[in-house]
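Shared chain: chain A. Partners: chain B in the first complex, chain C in the second.
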Partner chain A sequence: MTEQTQVHAAPAGPVFWPKPTDTNPKLRVGFFGLTGCAGCQLSVLFNEDEILRLVEIIDVTAFPFVRERNIERDFDFLFVEGLVASRNDLETLQKLRERTKVLVALGACAHTGCVPAYRNFTLKENYEHLLYVKDRGIEDINPSPVDDYVKIDHTIPGCPPDKREILSFITDIVGGNKPKTFNNPVCIECRRNNNACLLESGKPCLGPVTRGGCNAVCVNGGFECWGCRGLTDDANVPAMVKLLEEKGYSKEFIRDRMRMFAGLKMPAEVEIIFRAANNKP
Partner chain B sequence: MPQTISLSHLTKIEGHATLTLEVDAGKVKQCHLSSIEGSRYFEGILKGRYYYEASELSSRICGICSCAHTLGAIHAVENAFGVVPSKQTMQLRKLLAIGERIRSHATHLYFLALPDYLGHESVFSMLPKYKPQVKSALRMMKAGNEIIRTVGGRDLHPVSAAIGGFLKFPPAEKMAYLQEQLKGIAPDVEATARLFGGLKNPDFEAPADSFSLYNGVDYPMFSSNLKSETRMFSPDDYASYIAEYHEPYSTANFVVKEGKTYFVGALARINNNFRFLSPKARAIAKDTGVLFPDYNPYVNNFAQALELVHYADEAAGICRQLKSIKPEPIVEFTPYESRGISATEVPRGILWHEYVITAEGKIDFANIVTPTAQNLRKMEEDIRAILPSLLVGDDKTLVMQIEKLIRSYDPCFSCSTHFLKVKWVGKKRKQSPKRGSLRSLDKRERAAVDKVLGRSQ
Partner chain C sequence: MTAAYSMNRANLNPFLSAIAGDFELIAPVRTDIVRFEAVSDPAKICLDEQPFFPLKEFFFRKHEVILKFDGKRFTAPLKKAPKRVFFGVRRCDLNGVLHQDMVFSSGVADPYYAAQREDSLLIGFHCNEAPSEHCFCGSLDLKDFHDLMFFDRGEAYLVQVGSGKGAAFLKKFKKFFTASDYAVTDEDRFIEGVDKLKVKDISGVYDNPGWKPMVDACLSCGACTTLCPTCYCFELREVPSLQDESSERVREWSSCQLKEFTKVSGGFVYRESREDRFKHRIFHQLDYFKEKNGVNLCVGCGRCITGCPTRIDFVTGINEMKA
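Showing the complex of A and B:
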């Protein structure tokens, strides 16, 4: 396995995961957003039946999206949404990393860079006309996932992340347990839900190579998987590409589709497969 | 001596923004409302992608209004290819949009706006005293999410809505279930409207053009003509009356209509469409004594609350009609070289999507104008206008009132950022009016902008 695959694999836990103690009964938790759509932070709130209980069992010391007063230090756990796209983002991220024991990448932007990072694969002329000179702090830097700059201790993947996964993560850490990561492909859950296979009907579904844990929510809704949760550890990408080619999709189409949500986390050997395609996007 | 007030990292808004004010001898020298959200350049990402990928990709612009972007993109592509969806499809789309409207308004009103009015820092600190109100907000958010999940397949970034129809249909009994849920929140929406109708707002008027969709038949949601105080507009030639410009201090653009400031959102919608609100919503408005049109920007909160009442009624009606829902095939169409535009009403105002599509079905040009971008200039002007009256009080009140003013617009800086058309420094971008791309301000308009903002060239 190359180093890049390692980066993609479910991250190893830190040496020390904070647990509630008698003297410190409530974990200090923060929620922050870098550049993103706020959808991941909303996914926390959209646990409508549980949110009031959640804020009782943990100490939400900072959540600028919904709080005016935020204590931005001494976190046990810090959830960060969004990708790094400006100088501000980077400075905030580095500051936050120093102030938390565990840093959790919440959602696809933090994890892979998601759709905004697809810009790395587009031609500059596609967005050149949108550029302009900005003041210091808000000037652009290449859209990148969070772990390009700092160490991530855990990832809750997905665009959006499954709100139940956030919930179970929090109940796990409160109980002193280490949260699970999923490694089965989406197809396992999809089959269990008795969905008709979209690949069989010719749709470019990436379910076989995509990390599950989402309950195959897109296919349940009739829509093919675009791979927002990233590849499974043992994804057989060559077989996936071959299968889609047999269905009539060009290498170029498959490459772009796989890059859309998790492009920056594709292992090097996947990119080699696509060399055959016209390398200019 | 000039005094600088800087509110860095405004809280309780979607996205990131900073406000810088420079005040000298009771006069506002400078007022910059800056989006400091990083730029994502969605329009650049969309260029070169296929038309059928536009809804899935542009949905990622915003979490809280992801249904809006999904439907905006779908309607624009349908407009390009002349696709006419079935009546049932349009009903389902409207239901999806209403679910999002209920969720978005409830979240904004209780989680972002109300703590200011009650002297609390957040909804969490409100809990000991106002638990029933917070629970009521969560019930409305849940009902909204249930509608979105049922129709769109997922809370955020819905998957089932497609060009020409739906990929999946909820079973008929689900419609009865949703109707029950909506009945369940009827007391909540009414209490919300009465609560916000009774809140004391600063005595402040900031007249400008209310701009919204208007069809003369019902409370508008999807493509129709647009109305302002002065006249009607057609969405097709929007580039002839809307212009964007930007400032180095912000990653969000600013928008003017016919060279002037205007505003969009719930208040603008009600100002133009009050008579199409449901009877209950109108009755509550009458009880509270607020007369529309109203030009106090703080009243936008109440306008959102009235929309909650209206949309809970309307959604229940749609669910009733959809009790005989049947799976339908997607409308067939052949893509060709074309251009499509959609103007839809979304929680924060009018959302524009425009795509120029090549014969191969690829997007050659994309343009998206979000509600917050359209409101930004009005927000800056309002802050300038209200500031002198606040300078006599203490700084804490001043900051609180200004933040409250900004929040009452329910700005979404995630959305408004990165939709910039003009290159201010250096050469102007080549213009192609045929495509209807937004033009940049001409010299005269730019001078007018500078005059309003108190700058010399």
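Showing the complex of A and C:
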């Protein structure tokens, strides 16, 4: 993955967050997908009750997933779903970055690399025969999250992202406010919801190290948190690994579980814990 | 008020059914775990365990809209709770309510708390023995704070009246009780083995190296403060509407274990390190609050240990600290 990993910085200086003005009352907003399942773009559309109001208060200039005619420039805000997995993705992304004031990584693939980036953790001979690259003329590159290549200004995490978070982001920017990133662990919302903690029943829940904001939706439904929103800035991963080991999980299991969504955003010191266990790669 | 009554054991469920007929009755129930819930059938009540979550949420609500703005005017949406009777509340949790009363009802009273708390009646259930291995209420200076308190004496319950409200309530249901001239003593209040925290004044151990293993194990997940009957911290958020100019101001529980908790404008975080945050909780519970209010905030319920994913036992940790 090394040879492509140079970051295209956005224009230097502080990020300018556009606000609606009297002369220019509607923000110009775009939604794009790179390599991904389109589920994050669907999350935008799942706001069925609000969507008509949305297109009233912002100018959705581009949304190729649902519309044929798009104006692909002068974005105040651009949401990008998916990760960079082909030369074409990379060129699209770099072109869009140059045409955008505030770039928002929408969803886990754009944020961490998520499931598609898993390929980085295995040897090429294990998957090469599965690639449909050749017959489609796709030039394959190692899958990486968006900020491996361009600067992102905000992240809406999650696989898929919470549709309400997308709405409140738009409500904020329309009101001229800078949206807040949720940086508390999932446990905060989970405990507040009076869930019985799944770690107590031996499940490998990653809630304590995972960025919340999802209202602990998985645990509310009886499933442990798999970490789809990525690690919190404050995650104590060594303590989490130790706890799961005490519960009987192997380092290899824990590593694979954490990589599933945190993907390439696992801090280096954590990879070292796992490497110490002498697991490849 | 020291008046005491007794109640025949067989009268308990009929008494509770009668309450449930007139009020909302809230008591510990076993679902997946034991928790306080509204009950109509007293047979469902479980008094064998300490409820996993404290009573706190019934008075200091997790999510409260404290202001509404309609584009022109602000209104405060106060919604008064119905008349509620809480049964099966342990001494630690009762003192938890007392400490939250001190925070929210003294000085400038918090109207949202008052609206939930006002029409509540607290019926305690005294522990004959500690229901959890982490109980350490005996190390704290707890008060008799209840409207009525039940002591389980086998064939009968000893019932201590703790307030005028409790006396009036008992009168309404007097057919279930027999008057007694017994006065509750310290012996009745004694619970074996719960004076676990040997260091009563922790002000000298702030810099002790003994904190390190606890801090290293801490996930900063906030389970401790969420499960704590006394923790009262919250944050405020503005929630503007997408549809029009209206907006809501929301109050939600927060926790000093989170970095975000001390983040101020410009992004500066006052308690950046996990160690500072971890110690802040223990010191607020066992030192700072007392300095200001004369009583420790902590009531020794042990929930912050029972519910901690890594079971950080600061009671043992502090006891083992070397000078």
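Rule of thumb we're sticking to: the second predicted complex is superposed on the first by the 258 of 281 C-alpha atoms of A that agree within 3 Å, B and C clash if a C-alpha of one lies under 4 Å from a C-alpha of the other, contacts with A are read in each partner's own complex, and residues count from 1 in each chain.
Assume a contact is a pair of C-beta atoms (placed from the backbone, for glycine too) under 8 Å apart; a residue touches a chain by one contact, two chains touch by 3 or more.
Since the model is a prediction, treat every value here as computed from it, not as a measurement.
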Chain B and chain C placed together on chain A: clash or fit? fit
Open item on the list: Quick one: is A:67 in contact with chain B, with chain C, with both, or with neither? Answer first, second, both or neither.
Closed with: first
Figure out whether A:272 sits in contact with chain B (first) or chain C (second), or with both, or with neither. neither
Quick check on the superposed pair: does A:170 touch chain B, chain C, both, or neither? Answer first, second, both or neither. second
Ask   = Counting only touches as set out at the top, which of chain B and chain C does A:45 meet: first, second, both, neither?
value = first
Of the two partners chain B and chain C, more of chain A gets touched by chain B
Geometry row: CA centre of chain A as apex, chain B and chain C as ends, angle in degrees (steps of 10) is 110
Once superposed, chain B sits from chain C at a minimum Cα distance (Å) of 12
Per the touch rule above, chain C residues touching chain A in the complex are 32-33, 35, 52-53, 57, 62-63, 216-223, 226-227, 239-243, 252-253, 255, 258-260, 274, 307, 309-310
In the complex, chain A touches chain C at residues 50, 53-54, 57, 167-168, 170-172, 174-175, 177, 183-185, 187-188, 191-192, 194, 196-197, 199, 207-209, 233-234, 236, 238-240, 242-243
Listed in rising order, chain B residues that touch chain A in their complex are 9, 11-16, 34-45, 47-49, 53, 56-57, 60-64, 66, 107, 111-112, 115, 121-124, 127, 131, 134-135, 138-139, 141-142, 145, 152-160, 162, 166-168, 246, 248-251, 412, 414, 418-425, 429
Within their complex, chain A touches chain B through residues 33-43, 45-46, 48-49, 51-52, 55, 60, 63-70, 83-86, 88-89, 114-116, 118-119, 122-123, 126-135, 137-138, 140-141, 143, 159-160, 163, 217-218, 220-223, 226, 256, 260, 281
